[in-house]
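Before any comments, here is the structure.
By written order: A, B and C. Residues from 1 in each chain.
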């Protein structure tokens, strides 16, 4: 493999990794606060992509407006899901919330099939994203650079919000100890709702960019990225925001490089994440950046 | 000879040292108490002995075997049983089933033999049922036998937890605040009960207890923890007069 | 009631039921027979999932994957040589597999065994996980099995799937297996091992402190569940005669999960009841997917609507009917007669 080719794969991996990172954040933030794997998070990605699709196709919005509209709408959907399906079960056994989450995920997928149609559709991709950029001997599509730039900007923005704003502080307090946070006068319901909104908005950006990268829309497109990004969150250490980013990049890069170096295995591309999951669980169950917590007995 | 030998164990959680340099030797038939203010690390010491937490350093030896990093179920099989500070019964199982579960560790039949009800298994099942019923009878729990463990009154739940621990046939019994929530009369009965089972089942007992009356009443030896550090060890009289202990408890509830 | 009387009553009920099946196999139209077969298969699958999720507290979502393994094993063992080679027109079948053949009973058992081996291999690493972690890991592995089957073309014929699997699954096979699974599980769960499973479900830490080897018992439960799911998948494959990897994906697992939850996690009879009801409801719901003519207005069919209803039901059960139909209780003769007696007294 020439260096140029490697560089091409590398950039591709970074761009996939940054998408994973964006989506993984949502899992980790929600898990950090309510200890729930939001099974529907993957399907949120799918919704966001479809919102853009319909915004442009049906309502003739300019592309940027459709994207904006999709992000807001997706955030609202994320918050709505929390209100309708998770909040009533906050004091129920965890298994009930888990089942409810699975139900929501399954519902969104089937709802998608009924409303959006089961056939794959082509996603609109504005011309700016498709320009070929030449860097010496390496030629890349502009999207491959735009994705990581947007993703990394958003991730840094999120880190800033979480570390430096009052809301961010409240979020961290809730994830440390939700009962104490409540006693300290933090409006826990609002924080949880915001967390879902923020996580979903980031996932929406991820989903839209996913649609640009893989322009085949289908109501089930969210499932595999959903599972993989959850794994990314676990690899990085669930509940840990920088961890989710790290996990996302590891998975994205790993997946692309695996296919690049061992093309014979390209059919098993989707299995790569699960092999990583097993390895991590065997050797470092709390993830790379996660701290070890022994259950209190 | 010492049955249990805990040598200088330290348990850390991240930056917090919950137990530091803790040592204990327990002889056959002894009743030893562990006291200390809230958060002193008593339960953590228990968890380290029973394998639920792995000590950061130090070693634990039981009957000549090194059990420091053993899984909790192996340790129980070797003969150390325990109760929990916040009762952990199998709430949806019946009282009898709770005790039967504790017999499972001695079961010889394979799952296939058990499923097919082969004679060997039936014999084992009958024997464990008989023993469990006797045990429950001895603990005045017979009449609750078929009730769900979770529906029992608090005091009975504590008793059942002890019964369940006894059913594993331990050599050492660790009791984590067995008298919690009991009034003086009840804790007095509990004291007698503990001595009784010690004799009947040939046990050594290591117990955490806040009720001074209970600790002072039946323990031959007492260890005092404060912030993870063993600040005193000795007979009940020694402990009562120990200045450090009094200071550790000052301002901290000395219920009893 | 005396326990011997209860056993006799149960045997009588089962015999009576098989008399009904004998009649049904001969007299009912193929569509109704198929629904009855599906009932039995869904009962088997629901019980398989209930063993881990309801009785052992292991929230597993790998059922569809194990079914796939079972279905393919049995299909490859029961399909005649010619049909096999005809199926594999893109990439030829592995010659050893082409020659393999076994009677249905052996194929079923082997389907179960291979599925158990796969279950064991997956379970050994993932059963260290708890709760929703385990759920997502097993779900992932279920999906991976379908990915693998799409890629192993010389064995599974890849995405093309297998067509023309002999339709050996008749009522005696499906219901015979269901009855064996029901009785087998009842015996297992009422044994010391079953108590150990339930103890793990109730409180893992306490169970381990009582000397129960968590890993061994979890793996045991998981493997038995995989065994049953494998057989269920085999029966399904030999009923519908066409299988492909996409059939065995999460959607199938979720359908079975709904049956488990609806029946009551930790209730065998609950699973039997809910699997039967849901199978029938799923068939009735086909109506919403086909065009309807209400006389004054004709509605177009909405493909996929069935699953929307289905998933909405799953959320509703989680929200409003947490304990399902039976909770952890079992239907018993005492319940039936006890209630009857009560009513008579009050009258």
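As a working rule, a residue touches a chain if its C-beta (ideal position, glycine included) is under 8 Å from a C-beta of that chain, and two chains touch if they have at least 3 such contacts.
Note that the coordinates shown come from a computational prediction; the quantities given were computed from them, not determined experimentally.
Student: Comparing chain centres built from Cα atoms against the global Cα centre, which chain wins on proximity?
Tutor: C
Student: Looking at chain pairs B-C and A-B, which one is connected by more C-beta pairs in contact?
Tutor: Result of the comparison of B-C and A-B: B-C.
Student: Please compute the C-alpha centroid of chain A, do the same for chain C, then give the distance between them in whole Å.
Tutor: One centre to the other, that is 32 Å.
Student: Counting in whole Å, what is the centre-to-centre distance of chain B and chain C, each centre being its mean C-alpha position?
Tutor: Computed value for the inter-centroid distance: 42 Å.
Student: How many angstrom between the C-alpha centroids of chain B and chain A?
Tutor: 46
Student: Hey, what residues on chain C touch two or more of the other chains?
Tutor: 205
Student: Where in chain A do residues touch two or more other chains at once?
Tutor: Residues 297 of chain A each touch two or more of the other chains.
Student: Note the residues in chain B that touch 2 or more other chains, in rising order.
Tutor: 52, 84, in rising order.
Student: For a test of understanding, state which residues of chain C touch chain B in their complex under the given definition.
Tutor: The touching residues are 184, 187-188, 191-193, 195-196, 198-199, 202-203, 205-214, 220, 328.
Student: Applying the document's contact rule, which stretches of chain B touch chain C when the two form their complex?
Tutor: 50, 52, 71-73, 76-77, 81-82, 84, 88-93, 97, 100-105, 107, 109, 111, 114-117, 121, 124-125, 128, 164-165, 168
Student: Which residues, counting only chain A, touch chain B once they are in their complex?
Tutor: So the residues of chain A in touch with chain B come to 291-292, 294, 297.
Student: So in the complex, the part of chain A that touches chain C is made up of which residues?
Tutor: 36-37, 39, 85, 88-89, 92-100, 102-104, 106-107, 109-111, 113-114, 118, 223-224, 227, 230-231, 234, 267-268, 270-271, 273-274, 277-278, 281-282, 285, 295, 297
Student: What does chain B use to touch chain A in their complex?
Tutor: 13-14, 43, 47, 52-53, 84
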